[in-house]
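Across the two complexes that follow, chain A remains constant while its partner is chain B and subsequently chain C.
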Partner chain A sequence: MVFISISFVIFFLVFFFFYWFVFGRNLRSQNLFVLAGSYLFYAWWDWRFLSLLIGSSLLSFLLGIHIEKATNERRRRILLYLGLLQVLGALLIFKYLDFFIVSFVDAFSIFDITTDIRTINLILPVGISFYTFRIISYLLDINSGKIKPTADWVVFFSYVSFFPSLISGPIDRAQALIPQLEKKRTFDYDQATDGMRQILWGLFKKIVVADNCVNVVDEIFDNYLNVPASSLLLGAFIYTIQVYADFSGYSDMAIGFSRLIGFNITRNFNFPFFSQNIAEYWRSWHISLTTWMTEYIFTPLSFSFRSYGRTGLILAILLNFILVGIWHGANWTFVLFGLLHGCYFIPLILRGTINTSKMTAKSKLLPSLVELRNISVTFALVVLTNIIFRAESIFQAFSYFSRMFSPSLFAGTYTYPRLLLIIALFLSVEWLGRGQQYAIAGLALSWPRTARWAFYTVVIMLIFVIGGKQHQFIYFQF
Partner chain B sequence: MKQFLKRILHFTFLLLLIFMVGMILPATPRVSESILFVKNDKDSLLANVDSPRIIFLGASNLLLGLNSQIIHDSLRLNPINASLFWGIGLIYMMDNAINYIKSGDIVVVSSDYSEFYGELAYGREELLWTVLDVSPSSIMKLRSEQWLNIFRFLPSYSFSKFALTEWLFKYENAIYSRNSCNRYGDMYTHWGLAKPKLVPLKKIAGDFNSSIIDELVKFQTRLREKDSFLYITFPAYDSASFQTFKTKILEVENELKKKHFALLGTPYRYNVPDSLAFDGAGHLTKEGCDYRTRLLIEDLKVQMREKHWVY
Partner chain C sequence: MERTEIAERIRTIISLVVKHDNFEMTDELTANDVAGWDSLSHVGIIVGIEAAFNIKFKLKDLNGMNTMGNIIELIRSKIE
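Right, the complex of A and B next:
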């Protein structure tokens, strides 16, 4: 069940009604209903993997309690490792095993050694990368004493499988979501209307922007050997917009649906394309993943390497971003993608500006020239690296690059005026709304109701009239 | 909560009102010039052309893949290329054509392979536009499966009526417009044009749908009741489209054979060189149309000889 489907609309309407009007009086029954709804939502994709989700939840729930109860450090560590092993083991088997097998066979073939190991071609359970990270953070936080394990299995199971963010994030942390599940929720008019607005903007991003980009991007990337270099550059640019509109659109919808049922889940994007350096970019792109990685990977690593000074910091950043890359999928392209992003941090570390962050063009309509230069350089790095992210292999990525950086870069290009107009409109709205939680959060709020409703109506009509053909969300594959 | 629900209801009512207005507005100038409207001309051909007739029914592989003049000259039959396109769906085309069938008509169906998969044969948005704008009288004849396929396009249909571009820019496509067909119903405006980039077929969605074969069987029965005859032939695909979907293409042929349809040629025979393909799978240049038509004539002659028909 995807958010943009008739089945989900019916599901959510029924869910909303029962959630507030039937189960609203009793917290436990309301949570049970959240859990049942989440499992139905997940089973709609593939009921076979529901057992994996339930199994992981059950084991992690029990381990969480026993980690807390463990009287000695050794026992505590064994229980923690057991918990990590079961969730990471499933992730490794389903997502990375074939990649390791292929890499292993390839490595041996360099030395003319043939091996008879075959790939197993398992189907990747949808959302596994997201719920695995939720469980890991829960176990690690209990182990470090940051949180107490919940004694209510319904709360924990609902936390792991919370349907608005189950398939594609945001990756909520236990300390943010579990207290909301443990507390009675009351309907809040402002929260609900804000959620509706965010869903509307998410739909616009996904259907009007991302889905209109798909065919152009596919056409350029599938025929990259036959199109002029200028079109390849345009293709990389449009792909970058597509990924952002697709993923942030999904996140907006997830946050919006959560708000309608009284939850505030983690913000996932903060206008990353207006970042002035790569560190700022990663603080505003897929925020729930980067904060997760910072807390559980980068911080422990930089602590371990602290005696090496800046070199240690660089090493920690590189390892952290290689893992960010690998999180996206089992392909060397993702490793290189992560490594390059890690490398872009090196000048910032050397200059000591890694933590510098300021809002671009604060209280101004346009950025200064320096800000514009910084934004452009950062965006260009992101666009170029996304070629590797999109490519099927490193060879293809380099082939794309070598064709792109050729004399025909300045030749005529395939133009897509309609799409470029949509992108320009989209980026303009994003720019004007960059101080908000999402671009249209504050837009039209102060207008009279008639004007405000007219605005919403126009957005809805645009979604139906100029929306592209529906395509799957990109981040579902991760 | 009460206030929220009240406002949501009010807003939904407003949207419904706009939706209803959109539904009753006439077809926009842009749609009126589109190729959707060739259906009326084709219905007129079906109603008025004299016997002996040979009627071609299918998707764009026939619309942009036939030179009926050659058929007329070689077989001494009056050809009617009643084919429309993919998004209308084979089911609608068959249901529409059956009303015009006369005794002795030969009907040749060439459906795109993708129509045998998933629910495509029941139509997509083009069908909705056709029944609402082009041929409103056929709206009551739609089947429930067709409505299921197309009702989700109702909002885009209605709201598109409010797009200024639909009214202000009367844009006629050089190739795909209501004036693109010749007197037999073949699309011919692209015959003199430079060959654009060929885009092979990328996707055939869904599993094999055996109910489409059953529908063809029913269509054949209805034709027999009217003393007419059905042949089925295959689209002329370019090599890339053919190779990519070879397994599915052969599955279609195999399923048709199982039901003992009179088949004209084989998918392999109609696999044309890329030089004869125009802009997409099954769409042919003038030379391609001539080539495919000649193959079709050879296959028809074999079949007719077997049945001792005079031509």
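Right, the complex of A and C next:
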């Protein structure tokens, strides 16, 4: 059940009604209903993997309690490793096993050794990368004493499977979501209307921007051997806009639906394309993943390597970003994607400017020339690296690059005036609303009611009139 | 070593790493209250504290370093 479907609209309307008007009387029934709704939502995708979700939740719930109770360090560690093993094991088998097998066979074939190991071709359970990370953070936070395990299984199971963010994040941490599940939610009109506004903007991003980019991007990437170099550059640019509009659009909808049922979940994007360096970019792109990786991967690594000074910091960043890359999928392209992004941090570390972060063109309409240069360089790095992210293999990525960096880069190009106009409109609204939680959060709020509703009507009409043919969300495959 | 002296030394280290001193040293101070004190600068601050007080932190010590009061107490426990 995707957010943009009749089945989800019906599901959510029924859920919303029963949640507030029937089950809203006490906390227990509210949470049981959230859990039931989440499992129905997940089973709609693929009921076969519901048992995996429930099994992981049950084991992690019990282990969480026993990790806390463990009186000696050794027992505590064993229980923690058991918990990590069961969730990471499932992720490795479903998501990465075939990749390891193929890489293993390829490595041996270099030495003319043929191996008869076959791939197992398992279907990737939807949302597994997201809920696995929720469970891991829960267990690690209990082990480090940051949180206490919840004794209420309904709360924990609902935390793992919370339907607005189950399939594609944001990856909420236990310390943010569990306290909200432990407190009865009451309907807040302002929170609900703000949620609806964010859903509207998410729909615009997905249907008007991302879905209109799909065909152009596919056309260019699928025929990259036959299109001029300038079109290849344009294709990389449009793909970058597509990924952002698609994923941040999904996140906006997830946050909006959560707000409609009384939850505030983690923000996932903070206008990353206006960042002035790559560190700022990653602080504002897929925030829930980068903060997760920072806490559980980068911080322990950089702490362990601290005696090596800047070299240690660089090494920690490279390893961290390789893992960020691999998180996206089992392909060497993602490894290279992560490694390159890690490398982009090196000049910042060497110059000592990694911690400088300032809002671009604060309280001004336009950026200064220096800010514009910084934004353009950062954005160009992101666009070029996304060619690797989009490519099916490293060979294809380099082939794309070699064709793109040719004399025809400055020749004529296929132009897509309608799409480029949509992108220009989209980026302009994003720029004007960059100081807010999402671009249209404050837009039209101070306008008279009629003008405000006229604005929302125009956005809705744009979604219906110029929306592209519906395509699956990109991040569902991760 | 007096608490105030420890706090003053930490203040100098943080100012050097984040390149400003626009913060007030209270026991309740957290990284979120100091602009530029993020995951990247955190390690620099830890290294500075270790050198200044001639101590070594363990990885699990990081979890307890969530307020300035806790950091000062942790340092005191290591230098005593």
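What we mean here is this: the second predicted complex is superposed on the first by the 478 of 478 C-alpha atoms of A that agree within 3 Å, B and C clash if a C-alpha of one lies under 4 Å from a C-alpha of the other, contacts with A are read in each partner's own complex, and residues count from 1 in each chain.
Here is the rule we go by: a contact is a pair of C-beta atoms (placed from the backbone, for glycine too) under 8 Å apart; a residue touches a chain by one contact, two chains touch by 3 or more.
Here the structure is a predicted model, which means the values were calculated and not measured.
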| item | value |
| --- | --- |
| Room on chain A for both chain B and chain C (clash or fit) | fit |
| Contacts of A:347 with chain B and chain C, given as first, second, both or neither | neither |
| Degrees between the directions from chain A toward chain B and toward chain C, using C-alpha centres, nearest 10 | 170 |
| First, second, both or neither for A:465, with chain B first and chain C second | first |
| Chain B versus chain C as contact partner of A:144, first or second or both or neither | second |
| First, second, both or neither for A:89, with chain B first and chain C second | neither |
| Which superposed partner A:435 touches (first chain B, second chain C, both, neither) | neither |
| Residues of chain A touched, compared between chain B and chain C (which is higher) | C |
| Partner chain in contact with A:179 - chain B first, chain C second, else both or neither | neither |
| Overlay on shared chain A, then closest C-alpha pair between chain B and chain C (Å) | 35 |
| Residues on chain A engaged by chain B in the complex (per definition of touch) | 6, 20, 187, 189, 192-193, 196, 453, 456-457, 460-461, 464-465, 467 |
| In the complex, chain B residues that touch chain A | 1, 3-4, 7-8, 11, 14-15, 18, 152, 155-156, 159-160, 162-163 |
| Chain A partner contacts - residues on chain C that touch it in the complex | 17-19, 36, 38-43, 46-47, 57, 59-60, 62-64 |
| Residue numbers on chain A that touch chain C, as the complex places them | 144-146, 279, 283, 294-295, 298-300, 302-304, 306, 313, 354-357 |
